[in-house]
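What follows is a set of notes on a single structure, which appears directly below.
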Amino acid sequence: MARFNNDYCRGAHPSILKALAETNTSSYAGYGLDEWCDRATAEIKGYLKDDSAQIHFLVGGTQTNYTFIDHALRPWESAISAEDGHINVHETGAVEHTGHKVETVTSDDARLTAAQIEAVVHEYETSTVKEHITKPKLVYLSLPNELGVVYSKAELEAIRSVCDEHGLYLYVDGARLMYALGSPACDISLSDLAHLTDAFYIGGTKCGALFGEALVITNPALDDCFRASIKQNGGLLAKGWLLGLQFATLFNDGLYLELGKHADEQAMRIRHAFERVGVELYADSSTNQQFVIVNDQQQALLAEHHIFELEKCLDNGMTVIRFCTSWGTEDADIDALLKDIARLA
Amino acid sequence: MARFNNDYCRGAHPSILKALAETNTSSYAGYGLDEWCDRATAEIKGYLKDDSAQIHFLVGGTQTNYTFIDHALRPWESAISAEDGHINVHETGAVEHTGHKVETVTSDDARLTAAQIEAVVHEYETSTVKEHITKPKLVYLSLPNELGVVYSKAELEAIRSVCDEHGLYLYVDGARLMYALGSPACDISLSDLAHLTDAFYIGGTKCGALFGEALVITNPALDDCFRASIKQNGGLLAKGWLLGLQFATLFNDGLYLELGKHADEQAMRIRHAFERVGVELYADSSTNQQFVIVNDQQQALLAEHHIFELEKCLDNGMTVIRFCTSWGTEDADIDALLKDIARLA
Amino acid sequence: MARFNNDYCRGAHPSILKALAETNTSSYAGYGLDEWCDRATAEIKGYLKDDSAQIHFLVGGTQTNYTFIDHALRPWESAISAEDGHINVHETGAVEHTGHKVETVTSDDARLTAAQIEAVVHEYETSTVKEHITKPKLVYLSLPNELGVVYSKAELEAIRSVCDEHGLYLYVDGARLMYALGSPACDISLSDLAHLTDAFYIGGTKCGALFGEALVITNPALDDCFRASIKQNGGLLAKGWLLGLQFATLFNDGLYLELGKHADEQAMRIRHAFERVGVELYADSSTNQQFVIVNDQQQALLAEHHIFELEKCLDNGMTVIRFCTSWGTEDADIDALLKDIARLA
Amino acid sequence: MARFNNDYCRGAHPSILKALAETNTSSYAGYGLDEWCDRATAEIKGYLKDDSAQIHFLVGGTQTNYTFIDHALRPWESAISAEDGHINVHETGAVEHTGHKVETVTSDDARLTAAQIEAVVHEYETSTVKEHITKPKLVYLSLPNELGVVYSKAELEAIRSVCDEHGLYLYVDGARLMYALGSPACDISLSDLAHLTDAFYIGGTKCGALFGEALVITNPALDDCFRASIKQNGGLLAKGWLLGLQFATLFNDGLYLELGKHADEQAMRIRHAFERVGVELYADSSTNQQFVIVNDQQQALLAEHHIFELEKCLDNGMTVIRFCTSWGTEDADIDALLKDIARLA
């Protein structure tokens, strides 16, 4: 049975395994102060076109999110997130554990808008009892978002503009950034992100690495002592070159972008197959996660030969299920899946 | 130049690299719920002789320490540590960051004693204003300790006895546990640790793995919801089988114990060489870290061909330097070092 | 102009001022270990009919809420609250500041129901990824709630039953408890609260004292070391007898219940006056807070001679305003207000 | 029996009780936004000669200390304190509870020196692994210190100079500030403090008020959103005018300075009486706390008619006991004590 349930169920791209094997007996300085981290930084900076950006390599996504948010916010400040933002629903209250409220905004498709953010800030700014409420200071969003949807550049620019007007930080969770960048629907580049955000991270774990996330901090004020925050939050890997080596490999010759494109194309084959048989899409995703609405019979049929994720039971008895492709999804697996989807007709 | 400055400057034992390569295209359930973690757990349990022990795999040592301590303690409770305990001096206040005071005890050789612990508890228990002070509830110690010294079983039993009498948890940081177990001076086994502590961890990062620590919780009350704490503190690796695979490999056929023995033997060669030329030892270490006291001239001579760690400048102008061996230290490197040590005479 | 904007705009009931004056030159043990606190405890216990209840005197409501919640919860546990619960909207994220998520439930009239609580718990209990979400462990509600509405005993019993079934704590914020107890619509007594909750507090600040809240902990497991939590959270008043003296006075001869009844009667005069002229009530409050919906003209007319609270602008251009009575509201002030309300017709 | 065991065992100066009685039926805006707080601010500012200073009124000392320190520090920053500083030993780890390490310095007489502070900072600044340790950022000291000793202006200037050089905040805990200002040995004024510190507080609880501390923040960067921190930490008193009224009364016509002088003179009578009979002083205190070293027999004799504090048992079998005077200590009580001290000869 092929696993389509997530994009982190297999090891790493072969070139990473190769690099690991080749360097296994070399010795390096610890904690990310090594030549591989330098090289990965240089490779990534080539895409950012922002010399002042600082890049830090952490181990996982939850760790990166709460470490950065805790570092950026003062105790009385809060983060704004879509209600189904990852920090609000899948990270065991890690942001609150560091002392900060997550102010949530409800949305149909897991997307935050500039207007919603403005409304939250407006409520704070017009309050006559500001000291009784938390101060919204950071906007958290994912690219693509939790439903695989890609923000447009215009949408991000509008959000940036609200942030500028009200002194908010914009932070983008890029756990699956590769799959956004690989989508034809995405008009945002790494360089755009560097210019539009105060910080964002480039996912490794779900994008071809064994593990690892590259946090890009473009607001220098937020970089001060950030390595201390990484260490304090348990994210400073002793053998830090393992992170550098993986990102140097992923960004060498544009592999990262290529892998994203591959996965998205495989995902679109799945999407179109569902569309062909009239299965309703739950979200308009152009990236590696496809959410579709099926009945019990359809679900059972698909479950015979394929592993996918149960997302949500709807009130009408239907179920939302998720299929993920990844950098490593092979044609044969997709072919087999498509055959079964065709049987749903 | 050979690196003796630490025990985490190189990759992993070749058998781990091999296992990684062999499993790279297999797919697994995420977050440690996979067959490799099961197998590693079974291998380790074979040594513990404690069926109720629960084993959790985390990424790094600081993370393991503060996550467990935060999980075990209530807000008003504190941890007792030697003044130079790792949690007190090298972890960026991670324990305090989670809200807990570290009560420190001064000691000549970084070792805690049962009597010292009893004194701290006595001060609390006889206080007439208990609500104005934190309640000592957990004893933190490292095996071997920060100076490579191994506690005796009798010492740990005495500490356990104080803990039992006063309701304290005993937690052992085993970042370098392999090197304690490998020392002829150590009369403590993994099974002893399981019976003497409430929890301890078996270090991987400094002991032949790429990364990873195996936390053993033997007090069932402290295991409740521990996976939530791992996630909340950023330690739940998505591709958790990478941890299981490494520990399964390290514990297969007793490799872990063998590697520790090898490193300690290499370290004793260094120690004896220093003793032969009359260089004073800073600590009576029988494990992979050797601390010696040298003058500037001696230090310069050794620095010509070897990388070691500068530990501390003494008031008398002498310097304490540290040489670390590891699972991977080769005879040729030791031979070369010994030749230079001989020149110090 | 009479202040109806809140119930904490004036000093204390005269009998408290008198007691303060009479004891000013006496000396007492500090931190609540004095005879006044003992006496207040005894007076309150007379109403609780629960000998094992422990009573702690704190200074303010926010302090009492977050100190107790932080004391009761483990790091991975969360509190369930109505979306407009005081801890969620008016306490500057104090609960999150201590590390805990507040899980919110939306409700029309600020009331939590047993079914809503069960739904939140059900989601947790049926989750297959429990370690990725916080564990709901405590139910927070106010009596009366934020809109002055009183839960019925049957409602609280249903909530208690859900709590029992799922191992949740039930905690009741009684900042305005006096006004609930004073309402004919309330069939809950102090003794009922002691038996239905794990802890609740009896408000002083808004109920005739200069300041102070009496926290009643009826679950002995939650009382362990609670004084340490008070001190750690800045709530242990040095001259603690000032709290004891106030509560001893308020509970002497049933004054507390009497004052609540008085304020509620005054509030009902306001409510009926609004009803007589056809002004819509925003909430069905039988206690000292009355919320009504007015247009701009009505609001302006009332604002000429009375101070009230602007609560919320509705989408239809109308405004919700709040009138509070208190233990000290005098007939003359109500008479004057009623005259103006009559002019709204 | 007269209580000399502390300076917070009685009510308030009569003028405060009088003011309370006179204003009890007036109504005020809540949370410190009232005319009494304005007036107290103006009175205090008259002494500060620093127009930009901001004054906040909080309820207690522990609350003021940890709220300010938490507000001022970033997560990776720590506070420097003498080992027996109040925040380190008598506040139940409140500073650590908010996430910050307290770096301690050992001292014979509870006094921090500029050189000691410089040494702590030097260790950080010269560290090659800064991200593994906390960054010292705030100096905490008490005036007078825990043993009643007053820093000289020159000492504070030297400390300020170290702070300036290394970017540290200087924060002075003035729980007993009145007794420092009242001592002839003190050459520091309120205006000096305003100019030398980033923030300090003027104690009320131990200095003639029922409760309350006036925090003076002179570094504008540290005042931003401070009221939110007070609320979040449970210190924002609903009936805030009670704090303003007390400080306005204490600072009216220099009462605060007068009361301090009175208490110190009474304390010096005690000190001289002990000196006359050859009882050794434990500290060279010129303020309201006097620490003396007595044997068991002497202690028993004094305990017959006077209540004092047992501070510490010395290794030689002697005991350190403390006598506190206060704003309210009467001649008759001192006379009686002196008679018994004379019997120790």
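So that you can tell them apart, the chains are marked A, B, C and D in the order they are listed, and the count of residues begins at 1 in each.
The rule is short, and it goes like this: a contact is a pair of C-beta atoms (placed from the backbone, for glycine too) under 8 Å apart; a residue touches a chain by one contact, two chains touch by 3 or more.
Every value quoted in this text rests on a predicted model; they were computed, and no experiment measured them.
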Taking each chain's centre as the mean of its Cα atoms, which chain lies farthest from subunit A?
-> D
Which chain pair shares more contacting C-beta pairs: A-B, or B-D?
-> A-B
Cα-centroid distance, subunit A relative to subunit D, in whole angstrom = 50
Subunit A-subunit B separation of Cα centroids, rounded to whole Å | 34
Taking each chain's centre as the mean of its CA atoms, how far is subunit B from subunit D in angstrom?
-> 42
Junction residues of subunit C, two or more chains touched = 75-76, 91-93, 97-99, 129, 131-132, 134, 228, 231-232, 236
In the complex, subunit C touches subunit A at residues 75-76, 78, 89-93, 96-102, 129, 131-134
State the interface residues of subunit C toward subunit D in the complex, per the touch definition above.
-> 3, 6, 8-12, 14, 17, 20-21, 23-30, 59-64, 66-67, 91-94, 97, 205-206, 210-211, 228, 231-239, 242, 328
Quick one: which bits of subunit D touch subunit A in the complex? Just the residue numbers, please.
-> 31, 70-71, 74-76, 98-99, 129-132, 134-135, 225, 227-232, 236
